[in-house]
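Below, each structure is written out as structure tokens.
Next come two complexes built around chain A: one with chain B, the other with chain C.
So, the complex of A and B:
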């Protein structure tokens, strides 16, 4: 194992500590923005854990995120169960859902997987509304909580740190190696004896677990939760854009996309709310045509070019 | 029971048509087009807008929308997708690129449609009741079905009995081999992609007479068309028709017997069953 790997962890640990101090100095407005960034950083990094090496575009983030939020809301509002228990239940439910989807679709080619995840959030939303209309009678949940924005911020920061650490461990494990081979050539991977389906399912389960966890953590912040709100498909697209914009070649690369994109996104929503859909479309095209390997990938290309020039 | 069968069957005509278009785009041009549903909704918007502002007969719009979509999709393929086809090293890389690119396009089309009409595309045209084998339905549904059968049938004959059509099917079997026997593959792919778009827009204008759409509904149609294509087997027109009938009837049954909000869930259930038991399509042979 290379020592630089531990150096990377040390740097990340220092950054996490610095980030944890931010709510003590920042204003409420800044903490709110920081909270959003932490949330998308956690979602984007965990998305890239699976979609980065395999190149399978998952559009299911909103489904897991919404499921997590809904489970917490239901548990806290209807059964008065503690928050900490509910986020564990929500994250596990997200993992189970992801595993089921993975088992059904990941044995086949990537296209089926993308198509399946495309409408998943919408389908679950329809299903939940139907169940609520016919059996439960209630449409929304009121949640009371003492948490303030900095508490959500810290919880999400902890999730980011855990996801990062997990990604670091996976990259160094047999599983990470297997995934990189799958991403390069799946046929080769199968022929050298890798259980490709199982490797993909495990990683996708991780992604689902963390997306549901994030949705669960921020759920009390809504105060009032409805299925229509939490399953907003926008989350899925934003996560894909942010992760690909930053790049997926390095664990930290998605964050490079999260920070600037979220600032622009907030500005657009504040000033040109009618153009937000158009903006998402332009961002996708920008990624495909200008930055196919993300900002980080582009920078690495430049760096290697400069090195070649010198030698 | 009969009502469900009749209206499900009538609905499936348009589904089959749109799925046929998507089949051309994915099977021949090798582009997984996630903007297909938006092109369909664009056709519906054109019919709605021209009818409410100019009182133009929606069936004239069907033809106009098909022609416009043909030109538009040809340009999209030629200038936006061809660079992706050229740069892709493998089929997998092209799939990822085309999914992201067409997904981006779908949002751009959606954004433009929102700025034209933010609400529902609601209008009435030929909604008089008509009785078919003891079941009451409306005239516009029957016309849409007949038009879909006409267009689809024409397309089928064209694919099987003309030189260009056969060349196109050859490309869908093997891009490399058809290039070797002198078929202009880029041209055929562009043509197939444009045809697929034209068919989607025509289908959209047809169903706009009896289904109320809005700018954001496109993804649902993309999804249904994709499910039909997968269920029928990529490149299999007969399979697509059977799959469209199954989806149309099951959806109508779920909507009438249980709840209209569950049609997407029903489509997903079918999708899961197909993925689990017949991922190669209803009539496809299992490949290793």
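So, the complex of A and C:
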């Protein structure tokens, strides 16, 4: 129920065009960092589509991302199928997996949902590595591709643009309104006539679809893909932290978390690699205590305070 | 005594067990079109549980609830809302992250009428106006007093244009002045010919508002009739005052 927001779309379109030009001027090092930012922007914005309004914190991103990567790797390495076909298959598989998880977790709320999604993602990771080690006779897949970093960057930028547009449409639809109501009080949501199960599953499926698509797109960049690596739960935590740091009150808010966090994250990994898990934990605590609505939420609070002060 | 005309809502032999506790025991009653029916009874007698079964929070352990011949018992709450049952909650439930107007729109957008866009905004404003709160439309709900919160909840229920409205102690917790305003408001609903089930402890309100009353005690129906009839019934007095005083 916000103002129509066509201006917002126009600004975003201009920014997308500018971002698309970046690889033409940036150094390889910068393109690499930009690629990571695009990847996490796509993951965090699509994560926030579901988890933002509903407040259901999902730690299953790694499951979708890993599934997407693995499907592409398997298709390209073992069956020599084209990349474009495999990313479509991977995204659909991610959507299906998310729909199944969504249906299985409908009755879970709060911390039970968080734990279930984390446990499930870990279970999938172990299951896949076990199958690979015992039945496929190898630990991973070798993939060859002609893509360079700018190609990944552009593909991920396209995903960000599509996710943004989709989110914009959802926020203006009955479905978006339904999700906000669900996030406030599910009992009320049901009693005003919302099919809460349907709304949640649709959005969770969307999140899974895009996380798998991102995992699929970057798969060839790994060159050698192993289940343990591609399903690493780090990615689930990073996505949650970045999205919460930026905030989820606006579609673009997660990006405000992605950019600074990724820079710090890269620095930590370069200089204090053994402390990275500790850093995730500390960052999580700080965000929850100091910035419960993210940087953008905090700024909006300040702005409305200043306005009240004036009037 | 049964309602005049064909009943819109029928409750037949409805029972609800929570483990060993029988919260509602073999309840049967009808609600006629345009009728205001009071459900009264001592604390813990099963009134809210009865409302919860009508609105679909719980499915009855036994028995059947129908509206215009359509079976409600067993349907999920969202379908019951769409068929045309609206309600307020004994402990007010607003959507704290939404504005007053958006709270009311929630009823209009997904309820029985399923409006959208300007249409939903219009009816939400109308309903806020109806409960005397349109000036607060853009306020956050945290800015509201208790009675105003109750008004918003009523407006939300009305915005769905329900055929049957369930009010669970909507007047509870109001001070004497607010109570008068509240009774007038519900009286206006009655004058509009709305079908309402009113759970209340405030006897003056019951006398002023209800065509008929159903009295519950320990989950069962112990009396039914006009407010004057049931309030002078010996068994009802005993249920309220305890065995010794009767």
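As a working rule, the second predicted complex is superposed on the first by the 303 of 311 C-alpha atoms of A that agree within 3 Å, B and C clash if a C-alpha of one lies under 4 Å from a C-alpha of the other, contacts with A are read in each partner's own complex, and residues count from 1 in each chain.
Quick note on the criterion: a residue touches a chain if its C-beta (ideal position, glycine included) is under 8 Å from a C-beta of that chain, and two chains touch if they have at least 3 such contacts.
The model shown is predicted, which means the values in this text are computed figures rather than measured ones.
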{"item": "First (chain B), second (chain C), both or neither touched by A:151", "value": "neither"}
{"item": "Partner chain(s) touched by A:192 [first = chain B, second = chain C, both, neither]", "value": "second"}
{"item": "Chain A residues touched - chain C or chain B, whichever exceeds", "value": "B"}
{"item": "Which superposed partner A:293 touches (first chain B, second chain C, both, neither)", "value": "neither"}
{"item": "First (chain B), second (chain C), both or neither touched by A:177", "value": "second"}
{"item": "Chain B versus chain C as contact partner of A:234, first or second or both or neither", "value": "neither"}
{"item": "Intersection of chain A interface sets (partners chain B, chain C)", "value": "none"}
{"item": "Complex contacts: residues of chain B adjacent to chain A", "value": "32, 34, 83-84, 92-93, 95-97, 99-101, 103-112, 114-115, 219-220, 222-223, 226-227, 230, 259, 261-262, 264-265, 267-268, 271-272, 275-276, 279"}
{"item": "Interfacial residue positions of chain A with respect to chain B in the complex", "value": "55, 57, 104-105, 108, 110-112, 114-116, 118-120, 122-123, 126-127, 129-130, 133-134, 186, 237, 244, 274-285, 287-289, 292"}
{"item": "Of all residues in chain A, those that touch chain C in their complex", "value": "1, 174, 177-178, 180-181, 183-185, 187-196"}
{"item": "Chain A-touching residues of chain C, taken from the complex the two chains share", "value": "55-57, 76-79, 81-82, 87, 93-98, 101-102, 105-107, 109-112, 114, 116, 156, 160"}
